[in-house]
Amino acid sequence: MQNSNTIETQNNKVLVVGGGLGGIRTALDLAEADKDVVLVDKDFTIGGLMTQLDRTFPTNNCDLCTIAPHLSESNRQEHIELMTMTSVENVAGEKGNFSVTLKTKPRFINLDKCTACGECFKQFPEFVRFSPGLDHRAPTCMRYPQATPQAFSIDLDKCTDVKALVDVCPAGAINPDDMPIIREIKCAAIVLSPGASLFDPTPLDYLGYATLPDVVTSLEYERILSASGPTSGKLVCPSNGRQPKKVAWIQCIGSRGLQKGAGAYCSNACCMFALKEAIVTKERFQEDIETTIFYMDMRTFGKDYELYLNRAINEYGVRFLRSRPHSILQKDGEDDLTMTYTMDDSTKQFEEKFDMVVLSTGFKTSDESRLLAAKMGVELNSDFFPVTVGLNPVVTSKPGVYVAGTFESPKDIPETMVQASAAACMAGADLPKYDKKPAEESEGVRERDISLEEPKVGVFICDCGENIGGVIDVEKLVEHAAKLPYVAIAKAEGHGCSRLSMANIRQTIEEEQLNRVVIGGCSPRTHLTKFQDLLGKAGLNKYLVEIANIRDQATWVHSGKPDEATAKAKDLIKMAVGSAVKAQPLTDQSLPMNKNVLVVGGGVTGMTTALQLAEQGFQIYLAEKSDKLGGLAKQLIKTLEGDDVQAFVGDLITKVQNHPKIQIFTRAMIVDHSGMPGMFKTGMQSGPQMFYRQLEHGVTILATGALSNRPALYLLDQSAAVRTQLETQKYIHDNPQAVKNWENVVMIQCVGSRTAENPNCSRICCQNAIKNALAILEINPEVRIFVLYRDMRTYGFQEEYYQKARSKGVIFVRYDVDSPPSVKAAGAQVDVTYFDVILGMKITVTADNLSLSTGMIADIDSTEELAMIFKLPRTNDGYFLEDHVKLRPVDMSVPGFFVAGTAHSPKLIRESVTQANAVAARAQTMLAREIINLGAASARVDSNLCAACLICVRACPFDVPFINADGYSEIDPAKCHGCGVCVAECPAKAIQLMQFEDDRILAQVEQLFERINA
Amino acid sequence: MITAERKPLEELIEYIKPFKRILLLGCNECVTVCAAGGRKEVGLLASGLQMAMLKNGSNIEIRQHTLERQCDPEYVEELVPMIDSADAVMSMACGCGVQQVAMRFKDKPVFPAVNTTFMGASERQGVWAERCQGCGNCLLGLTGGICPIARCAKQLMNGPCGGSTGGKCEISNDVDCAWQLIWDRLKALGLQDRYLDIIPAKDWRSGGGSGPRKIIREDLAE
Amino acid sequence: MEKFEPVIVAFCCHYCAYTAADMAGSLRLPYPSNIKIIRVPCSGKVDAQHIVTAFEKGADGVFVAGCLEGDCHFKSGNARAARRVEFVKKYLEEIGIESERLEMVNMSAGMGHRFAQVATEITQKIRNLGPSPVRTTMAQ
Amino acid sequence: MKTESRLEKVLAAGHLAVTSECGPPRGTNFDEVVRKSKYLEGIVDAVNVTDNQTAMVRMSSLAASIIIKQQGLNPLFQVTCRDRNRLAMQADILGAYAFGIDTMLCLSGDHTKFGDHPMAMNVHDIDSIQMIQMVKDMRDKGLFQGGADIKGPPKMFIGAAANPFADPFELRVMRLAKKIAAGADFIQTQCIFNVDKFEKWMEGVREKGLHKKCYILAGVTPCKSLGAARYMANRVPGMDVPQEIVDRMASVPKEKQAEEGLTICVETIERLKKIEGVAGFHIMAIEWEEKVEEICERAGLLPRPQV
């Protein structure tokens, strides 16, 4: 790209600012929905914060493997233009027609040529940057191996000998004359997800972060644990390199207004973050290490997060201290750290020694992003987070500009992903409707029929610059390859993946009429798709290519031993040829897409989704179990933030009822279901006569909601003075006079939640209590309100309402799960007796009103029935279980199914609305397609061999195989995940996994040992 | 289903030592289902024998073939074209299959590769348990659908012996007391008094007591 | 006879072990060239037959590498693989091949170091064991 | 009177009967049998002669019974279903009766697993209840099970075993009823340590009036040592030795344990005497025959009545 100011005219695209996980998700959702995206990131590679994490809660998965596909995916999408090292200079225009000036810093490296061979980095590490950007304490040459783009960048100012630098690059990719590029683009909408930075504890000298090397932030600890981190995964104290015996975490650093410069909000993710680090630490070192978490409230309010907390306590023996740390210091002549702290139930000061202390630092908006907001004309709140409109947290004060992720407010990865998708949905809706470009296959070349041909293999070997060529003699390799059976031609191909070479290979395939191709180069993980596309263009079935990974598996790891490297490369190529010879053309499974949508559940979530998708022109069937729309929200009056829920719901209902594209079924009951993703058939009975009809639809969205819990505890339904928070709210609203006469009000938290029967946290109750407490005080400032709680879980900005309630005199008293409060009837009132930890005595309050925070429980009956009919997984407590807790929070494991709102887990309205929009976006990625491509890697049963033994049926991790009417095992390619477990277990050898057929695997084995046997 | 288990390799090697060319047979019925002698096991055994023989210094040639059902002569006919190129046959089918092959090819030594164990049902993936002994005169109607012949260590037909403890058989804690099961069933069905009828001494003729058994369906038999 | 160099087949699952091997590459972590990787979608795809055949053809060692326990991208494939490896180990003993020649290992995609380390350790172990009995007899 | 059996006479006369047992030697030693039986002479009404007890090969119970008969005692000929098919059983019964052996006990027999021939086939051609029926028909109808006439049918006094302590407990009384219905004249029970549980069982027995339809001899065993008590408590299937018995054995020094064992045994008998429906005692002093006399003495069961 040359340095001229190119002026864009089209405004039919979305600008996404920030290439972190959220930005990538937004971009992918839009792109997969056939919408154009410009994704800009100021960094050298995309990936953001998550690429620095070792493992993530609550699955303790390794992130590299989970995030990598997403990154390369985003690189491939033809709808996405990726601009790294780029920042927003200026914004003009309005929703639907913005023009944005972007500035790209010079990388001094031509991305088209660079192969990330690393030569330049080897020679001039001091000024060549390979995806850098780690925090100062965790330097590592590589942030993660799947960096996108796979390219270096150069800090030319530091460069002393430019000539030498330029010459060192075998690909001639270094361009010292590279200039900053100013570019103006037009777009219809903008999504901001630049993320947030983390609180810097340096100024807090009493924590010793600046002076004591063994005091680290949670992210730094993460780097130390990470396999790709500075210590390559060895846990050691930075000061002395010894493995710590005692590690402590201090929560709420930079959050809840606790320290100078801290945000007044709760940073939302730190509790789980610390839990995870403690658990992973325990997992790895068990008895050898002691882990302690110093905290005020454990805020594990997310889906199944409470279980995670219980595991930390019961299984891993992580120690929890409800306390306020006072200072950390290192006494003279001691290596270890001394922490002084006070417990919340006494004023006594304690001292304890630790080898390492981890500060759970919270989120903070960065100056850059504040600047960005200013440029965008986005209004910020007192915490410098964007003010969002009404009940939709991704909508800013500036029409056409949307926000997602930690830039919007502190949050963890799943919520970031949800918001990212929601933002994609909102932004996508702003795009002008335009005719879809012709689908790819039309431009693709017609495929050559090779069924009658002898295998004719072409072997192309990359030197990948020094990477391969520098270690082994590629020409020798070519000679050897040429002699292999079925090989018609073998060539050296320089940088095989460079545009030039790709063209050569394509030409050779066509001229020589090759019918199999073997590439000797790098990893199929990163490059297979690239070469598959190439074959397609050359008129060959894309599954006829095989890659021998002679770079990552030979030259890179045996560089010191050229002979061995050569010998191994020969073997790898021989194996690849053997496998390629057996390769057969495969057709991707594909189905025509039915573009109708079935939305189950007519609450806020269901209606919101329905509306969004209807607006995009899709036919919606909205099925509601009860006789009217609105769901649980009908019982709500105001949100904590003061939005009028009834007005909102009423408006939503009218819109839905009047929308031509939405067909509503009330008293609807799903009775049967069949078909596959993109072409479902669902039977439903609805209306007073339970009239049956079958709907055809391509996508199913579950928004069946949850129930408000009502356990028979604390005289609920026995004394008139006892109400649920829901009822309290209504009562306050309807009887202000009565409220005026109240003297004492008590609220009990976690009623029927966080118990043995219902172990999870209901998430909404703490803010409910605060909401009602404040409302009561509005009417009757004299009343005394006692809130009996276990942990106050007012996450995010709710924390500020919590503080407000405290300052207004609401009395918060913690009770222990083992000694809950007791309630006795006292005439029209009730006597509530609780044990006050701080006073150390029992106290009885005669309350005019006792509000029970009963929270939510799953609608077990409906979810169970639907789960059975749709064959969907559920959590133990009866909520629908998403496919991937972190990366696919609203997708179900069965393609074509999505879940949103309280059917997923307890939520506030705004959170449900966000998920509803997210689901709309995810659904569009499917609905945009004309056909659904299911890939080719699926298991196939040979019915002539099948003994119907059921072993595959039992072995399949996804319950896909079944014995069909003809008495043979049948595997639906649309449902098969392609793991091959059934293949390996089938006693009749009746199953083969396409692309990984047994004869191909065995061919590799045979080829490998050919030499030995000969 | 008939269940079977592969014989120890040594025993099999002893059988085939004298031979150079082995035809290794599988069966796609019961032994496939109980993972003892299907195509997969045939492949595994072929490799195993190959290697083991190699260690004994002899390089043998093993041809693998799996029949749809080795206990039916028509299927066994399939072997005609390949039988001459083998010095001996080893079959992973149940005893019936092995004999069927032996009967068909009188001049070929035929060896069993599995021990045919019992008629069983699969309890779960990879677990099979004995359920029937083919006594030829089914008692299940009297015993709540649980067979005391196959499942009681003493084949007691009139109730549990003194060794029944905690629902388990005296011979092992892993074995359920058949009579406990029967009793529980009868109670569940409200048929307790069934138990009081004395089941008379069994006529074992139907159970093989009077030599090999045969079933003839006149209408079908030719 | 010149110094014995074993040939070791590594069946690596696409999502974790194979990625870890790539990472060992990009981190330039040397390990013995005796290791030859075969890529499979999931360690659960590795058939007992594949392993046995590898030995039959002359492998001195085999290892199956899957995701960390509980992290299998196909839920439980790695657990099944582990059970299968145990089964084949017993079979190898029957055949007269030391079961130490076969191992199941687990690693996450990030663990380039672990891959290199495992590769080195296993190679060393097989070196000490010497050539597989099958291979020696084949040689004669 | 169905038979000439002394045991039947004693019981019919309403006396508390006493039986004990004598395990044949694991060899050919004739005198060994004689020696053991001498301990019991005049002490008991019948001597159980076990049939390859605990599935260990011993001198055949038929031969040993004959020897004991020749010593002037009354053998109680035991036959299990484990080792013989119905032909062999009937043949032995004829033979036994020919030697004047008129009392027998029909058993299923311990499983071979527990003995010294675990590899042996368990015959179980018929089960114990079917055997009782068979013997009854031989006696009362004079027919072989095959249906043919017997010339001189064996007039056997038919005994069966019952274990009040095995599971399922509720079946235990019904099973007894079944044995009686099949033709059992008397019952010898498993050794009783848990008298309460036995009492519970007897309630059931009395409810059905079974104690009127046949004689129930309560089985007792003296513990030789703490080890023996523990062994019976933990190892022997279908045995119920309450913890307090074990503790009581443990509470005394090793050299006094045998004595304690005898005392417990005697106390047990005393308690059992009080239970309605108990018609006598079967004292199993395995390899301790010499003590049977002392037990009977102390339990006031001597002298034996003349009938």
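We call the chains A, B, C and D, going by the order they appear; numbering starts again at 1 in every chain.
Here is the rule we use: a contact is a pair of C-beta atoms (placed from the backbone, for glycine too) under 8 Å apart; a residue touches a chain by one contact, two chains touch by 3 or more.
Source: prediction; values computed, not measured.
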Practice task
Tell me which chain's centre, taken as the mean of its C-alpha atoms, is farthest from chain C.
Solution key: D
Problem - Selected pair, greater C-beta contact count between A-C and B-C - result: A-C
Fill in the blank from the handout: Between the Cα centroids of chain B and chain C the separation in whole angstrom comes to 36
Handout entry: Between chain C and chain A, distance of the C-alpha-averaged centres to the nearest whole Å
Key = 33
Handout entry: Separation of mean Cα positions, chain D and chain A [Å, integer]
Key = 75
Practice task
Express in whole angstrom the distance between the two chain centres, defined as the mean CA positions of chain B and chain D.
Solution key: 40
Completion exercise
Flagged in chain A as touching 2+ other chains are 955
Completion exercise
For chain B, residue numbers touching 2 or more other chains are 40, 43
Exercise for the section: Can you identify all of the chain pairs that touch? Expected result: A-B, A-C, B-C, B-D
Problem - Complex contacts: residues of chain C adjacent to chain B - result: 47-49, 52-53, 55-56, 91, 94-97, 133-134, 137-138, 140
Exercise for the section: Provide the residue numbers of chain B that touch chain C in the complex, in ascending order. Expected result: 8-10, 40, 43-44, 47-48, 50-52, 54-55, 57
Handout entry: Complex contact set, residues of chain C against chain A
Key = 7, 9, 14-16, 18-19, 21-31, 33, 36-42, 44-50, 53-54, 57-59, 67-68, 70-71, 73-77, 80, 84, 108-114, 116, 135, 138
Exercise for the section: Sort out for me which residues of chain B touch chain A in the complex. Expected result: 28-29, 32-33, 35, 38-41, 43, 66, 122, 124-125
Handout entry: Residue ranges of chain D in contact with chain B within the complex
Key = 81-82, 86, 108-111, 113-114, 122, 124-130, 133-134, 145, 161-163, 165-168, 171, 174-175, 177-178, 181-182, 190, 237-238
